[in-house]
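Chain IDs A, B, C and D follow the sequence of writing; residue 1 opens each chain.
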Amino acid sequence: MNSSQMMALMPILMLSLTAVVLMIQASIKRDQNVAWWITAAGFLLTIWGAGYARDFTQSVTILLDVDDWGLFFSTLIVFASLVSLILSRESFSREGERKEEYYLLLVLSVLGAVILIQSSHMASLLLGMELMGVALYAMIAFPEKGELPLEAAIKYLVLSACASAMLLFGFALVYAATGDLTYAGIGAEVDVAYGREPLVLVAGSAMILAGLGFKLSVVPFHMWTPDVYQGAPTPVTAFLATVSKGAVFVALSRFYLEAELYQYDTLIAALSVVAVTSMLAGNWLALRQNNIKRLLAYSSIAHFGYLLVALIAISIAQSIAQAQLISDAVTFYLTAYILTTLAAFAVVAQLSGEDDGKSMIGAYDGLFWRHPVQALGLTVALLSFAGIPLTAGFIGKFYLINVAIESQLWFLLVALVLGSAIGIYYYLRFIFAMSKTSATIVKTQPKAAFSGQDVVSIVLLTLVLALGSWPQPFIEFAGRL
Amino acid sequence: MDGLNIPLNHILLVSTLLFSIGMLGLMIRRNIIFILMSLEVMLNAAALAFVAAGAHWGQPDGQIIFLLILSVAAAEVAVGLGLVLQVQRRFKTLDMDDANRMRG
Amino acid sequence: MAEMIWLVPLLPLLSSVLLMLGSASFPRLLVAVLGVGSVASAALLTMSIGMDFLADPQPFQMTLWTWMQVGNFSPGIAFYFDGLTLVMMSVITGVGFLIHLFSTEFMEQDSSYARYFAYLNMFVAAMLVLVMADNLLLLYLGWEGVGVCSYLLVGFWYQNSANGQAARKAFVVTRIGDTAMALGLFLLFTELGTLNIQGLVGAANQQWQVGDTLPLIACLLLLGGAVGKSAQLPLHTWLPDAMAGPTPVSALIHAATMVTAGVYLIARTHGLFLLAPTAMMVVAVIGLATSLMAAFTALMQSDIKRILAYSTISQIGYMFLALGVGAWAAGIFHLMTHAFFKALLFLGSGAIIHYLHHEHNIFKMGGLRSKMPVTFWSFMIGSAALAALPMTSGFFSKDQILLQAYQLPGPGPWLWLGGLVGALLTAVYSFRLVFVVFFGEAKTQTEGDTGWRMAVPLVTLCTLSLIGGYFVIPLDQVFPASSGDHPAHWVEYVSISVPLVGVLLAYLIFHSGQLNVSRLVNSSIGQSLRQFWHSGWGIDWLYDVLLVRPYYQLSRIMKGEPVDAVYSLIVALNLTFNHWLAESQTGRMRWYIASMVAGLILLLTLALQIPLEAV
Amino acid sequence: MLMVNLILILLVGGVLAMLSERLGETMPRKVALAVVLVDIVYLLSQLSAMPQLTQLQAPVPDDPSTWLMHFKAQWIPAFGINIEFALDGISLLMVMLTLVLGAIAVSSSWTDVTTKQGFFEANLLWTLAGVLGVFMALDLFLFFLFWEVMLIPMYFMIAIWGHENRGYAAMKFFIFTQASGLLMLVATLALVAVNQNATGVWSFSYFDLLHTSMSGQTAHWLMLGFFVAFVVKLPGFPFHTWLPDAHTQAPTAGSVILAGILLKTGAYGLIRFAVPLFPQAALDFSFVAMLLGVAGVVYGAVLAFAQTDFKRLVAYSSVSHMGFVLLGVYAWNELALQGAVMQMVAHGFSTAALFMIAGSLQERLHTRDMREMGGLWQQMPRMGAVAMFFVVASLGLPGLGNFVAEFLVLLGLFQANPWMTAVAALGLITGAIYSLILMQRSFQGEPNARYDSHRLVDFAGREMFTMTVMMVALVALGLYPQPVLDMAQPVLQSLLELTSAGVTP
């Protein structure tokens, strides 16, 4: 490994360094305030490191592939983690002492996510995913009081481990069929292997999709989502929804493309079924949900269904331009989704805290008059989820519809449109609740003062709006990735 | 390698069987300890398949992954057991069917 | 003076607008001066224009501005003036003025004095526009305008829902006809490329032959409008109910002017009707049938205004008969004389009602001859003219109609015979009214006879009803000349004598009682026939069953918005899916695992479809 | 820049109105009124910069330089999306209508809205800005953006200041329009994709997309996408069911804007996009479209008659009236189109006024139920007279704007399909029935004893002023509609030529 490769690994190194510093700090003096600042600094350094590494993009051993795309998503994910960190400062300061392990877990989890994003080998994928996952279990179960976090953690652990087993078994089958563990190697071998062992190869691929699909919570592997979203502390939910899902989707698309899984019609058909059911079931599930965390969980099911459309479209892309459009679509949608989700959870974290009752729709009544900044933040986020113009979500949807049309995926398009139409209802329900003016609400709940977390909300909602109303710079940037 | 030349497919079949047993265990056991054990079975089924495939291709990669899987499984179970302790303390039961406060 | 013609409708219109704006603040005197004065000046203006015209009978056209210009569709706000226009304008402004004057006393106690005159002035304006229009679209404006004014005035006393009901009925029923007429306009414009009446007739005569289908359809559609407005079969049912308005309104709108608009329309477009002999026959038959039906019905009524209303329907039937047989000038002549004597009768009845505490039932009146002499003589003269007793105005006009009907080749004599029956009935019911109301014993106290503002119009109209028959109206240029020859003398004698027989019958039955008809009336057939006639031949009932109630029913069924059911279904479907899926989120981990396993199996099944075959 | 400024003034004005609430409860409405008036004055002052306006030149549909005004700035070049506005006679007409009715809407909110006035006026102004955008945007992406975004402030207006069932109504309104909007988005993107495949260039510009050639099948589906979106907004049968609820529940100013302006965006879209972009498909579809129009005319009228809620009745009357617009557009000849344009303007005034009367009644009686009204004329003669005027306007009394509109539509339709005209003409009769029953149940009949004890306040100066403005407008439209017709004529002329070139007979 030469120095240029080390440079390419800068984000991973920075995160590892942060982890080490945190451990040392813990051994010297346990102070969660200090730990928080170290973590924050570490994340900022990582973001810098990701920028720095852009000049050194290359494959680092057969395990990691550092490229612009991966670096961009690493940056985005670290940014999301930073937001989650800021949100958790408020939430966890109420919990009592000995909280600095949380920051270590957070850093390790991010480290896993970054590895996952850059992985080009089954081993690195496995390690990245498990590092991220195991740290996450602990983070979910972190609050000492209450039963919900624990229940969420144990559910997530068991189900996630089950999914990992499926993934690993799938890997094993693919390995058995192709004899290679790198994505590129598999891609090079599949044609031969398909002739030799079609059953094993396709079954293995299907199981890999199932394992990764679980992490993305697409139907029929979606059932854990609402419970975990609800039970986990809100900053952790935000982390799970953005970092974990984003990283897994990036890894999935890498594997899918490089291992050339898109060649098999039946696999595409299976994926299409997953996409369609996710789009519809996700929205249906959310329809009458009163708990905003569960609602966002269900809506995320639908959103990853939308994203799968792009993956499916890749399989029939006929030109470079089309492939470029699709990859831009994925980049844009995922970015928009992550930013929007953060914007939503920034508000939920502040309003609901860890009190499950405060996640209910009733707690949002009249928010516009009590806390305009937060209400605006959540409104923008929900509109972005719904795909209303001027928000990032709209451009994302615009991209996906474009992709579906260019690829003539009419069934998926219909599901996409149907799902979006259904979705409007439940997003709007919360907006309506926030705009209620009944005198009792406005009187009993005094107008909140401007707080630090409002800044987070303002930043995020500005980003969502900026990306939606002036997307050209980002489109150009994404096009170069 | 010499005397014992079992076809790859047979081992894959065995590991599939093992995997299925693990899965079945997950579905029918209610005690969290047994659930964790079933998970171990599933992970080991995958590991077995890796070892067999590595042997088939004459590569060490399969066994390396096997080691990785072992450590991953250990980590999962370590965290899992930690949670089990908490579960026992807070729910006073290990029956996972009782842990269903969130639904709908 | 001719260039001032636009002032004629404008004056009443301005007055109307002024009255509406200042209704609350104007003193009564000012209201009366404005209301009557505007119509009076319009009448004077008409008179002077008419003098000029009679001196030099040259029709002229005057365009104020182009209403709208879309492609080659460019109707103007434009007036056309010829003899027919002059007759109509004279009747409207002249009779209108008298009735306005009458109203100042009649409505004196009413709190909405200004509103009344505002509406009445607006009506005069709209009616003038109707008769002065040089194109059918402007005519239609006036046509609808008078309809709205009629609606407003019938429902003038709005606090009583029955009045509102009557007003709505009047408007909606005529609207049915108007819609047919509008379709006629569409057809005419589409086929002929213009709505200018003179141009239209010219183009029609170039493009169409006598007996073609298109002119027939166009004429029938126009006839639809005419039938609605003029209360002819089958759209006559609104007129009797429209008597709910103040009596002077009935005199002006529902006797003298608006209801004759249909007659005017057909006369105005006679060039088209000449191309469609079938349509003319239809006009004649409708006219005759209406006149007989209404006459029978009038005979059975006991409400003084309803008797007059049916009588109006009947008389307009005569006018239609005249138009149908091509006796254009006779029809218009009858229109004019009818305006005189029917306005007179209505005003007279108004006076009775006014001084009899709003009593409408003739059988509760009686013996008014001595108490209200002015009114009595008005009624006598009016009824005489209505019954077409010799030397009254009605005699001349009706006689012309009957004679020309007789001359029509083919069904002429039959039409004549029908007309005679009608004339007989007319005489009977009109004198029944006179005898019952003015003779016999007094049954209700009166408050004296009319004041001068009521008397002057009555006397004037009496005079006109008597001498109106000698007027020569300048229609020679407008209509094709009728054949000059006269039918056999006996025809004329019969025509003259029939009304006299009618009066005699009325005298015998209703005054002297020498002819006792009670047995006939009380027989079961007589009873049911009486009931049948009284109800206006059951046509109201028929419409009620066929149209009104189904419409109510329909709207009641539809009220809940049936289309929404489709959307509700969609919503319900979504909610059902939501329910099912939410149920599946049991919170139990083993169930979640099972679903993952099932999902995996599904995925494998799907993914392995083709490779299995390949194996 | 005029067009951008018009929108910006309203957007910024909205913010100002919201902030001005701190200066006093009643400040926002004054600010809002001032903002709209400034916009109107600004527009009028710039009219002289449009020489073509007086020359009545026909703009070439696909050549923006022949239009009254054209503005283009790059926005998202990656997709060929521009900020492109253009103005022709019809847009100008609609812009004027929007601003005038906007001012009227502000005035109608004067006493109606009592809570959160700042935010209310802001939403009102933002809705107006969105509508202006719709009428002027000629980039399909931009058009869609305004199309969707204008709904959000409108949604808030219903959801926050609406009546008892506002949540349901606002939701229904939003979902109907958004879901149909999605179809339009898909159709737009597909159209752009077709064009891109043919030319290799991404472009959302109307002027580039006008001559996209595609198979009949494709054109048919894409046309349907646009059609549904526009007809939902119009609203045409059977997509109208959101309207009665939205109208009934909206605050007065909301109803005024909704009925007066927002519905017209649907009609405008049909004329501007749905037909010219797919002339052949539109022609093939015209029979169905006209059938829907006729159904709307009759259905709306029947249901209007059945209502007991004042606003609901007026709402259904809108369904009926907008059916005429649909008929006019799909008859697609000059007469019918002029009629449709006239109907857009005239209906804007007449219905807005009726909704204002409904609002005034609700303010005074605290009910919209006509069964609890009756004989109100006695206490409020001025309001009664005004109501009578607009009722007869809405039933199509000649001499008022609505008549000109309906007559031209039917006349044009007769040339396209006489039988359809005969059925549509039933709307004239049924229109009379529901209009008069409205009058009967509210202002006429026996005075309701409930209101004997307290004095009902008749229309005062401010209300009479706005009502007079609208009455004068309707009379002017009815007796001399030529200015409006002249403004639309060149545009319609060129559209007709354009589509006739794109149609194989």
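Just so it is clear, a residue touches a chain if its C-beta (ideal position, glycine included) is under 8 Å from a C-beta of that chain, and two chains touch if they have at least 3 such contacts.
Everything numeric in this text was worked out from a predicted model, so none of it was measured.
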item	value
Comparison of C-D and B-C (more C-beta pairs in contact)	C-D
Chain whose averaged C-alpha position falls nearest the assembly-wide average	D
Chain B and chain C, separation of their C-alpha mean positions in angstrom	95
Chain centre separation in whole Å, for chain D relative to chain C (CA means)	37
Distance from chain C to chain A - Cα centre to Cα centre, in angstrom	77
Computed distance of Cα centres, chain D from chain B, in Å	65
Numbers and ranges of chain A residues touching at least 2 other chains	154-155, 158, 162, 166, 226-227, 289
Multi-chain contact sites of chain B, meaning residues that touch two or more partners	23, 26, 35, 96, 99-104
Each pair of chains that touches, named by its two labels	A-B, A-C, A-D, B-C, C-D
Chain D-facing residues of chain C, complex	20, 23-24, 65-71, 73, 77, 115, 137, 140-141, 143-145, 148, 151-152, 155, 158-161, 164-165, 167-168, 171-172, 175-176, 178-179, 182-183, 185-187, 189-190, 551, 554-556, 558-559, 561, 563-564, 566-567
Chain C to chain B touching residues, read off their complex	582, 585-590, 593-594, 597
Complex contacts: residues of chain A adjacent to chain B	122-123, 126-127, 130, 134, 137-138, 141, 147-148, 150-155, 157-158, 161-162, 164-166, 168-169, 171-173, 175-176, 179, 181, 200, 226-227, 230-231, 289, 294
Sites on chain A touched by chain C in the complex	154-155, 158-159, 162-163, 166, 198-199, 201-203, 205-207, 209-210, 214, 219-221, 223-224, 226-227, 264-267, 269-270, 273-274, 280-281, 284-285, 287-289, 422
Partner chain A, residues of chain D touching it in the complex	75-78, 115-116, 144-145, 148-149, 152, 155-156, 159-160, 167, 170-171, 174-175, 178-179, 182-183, 185-186, 189-190, 193
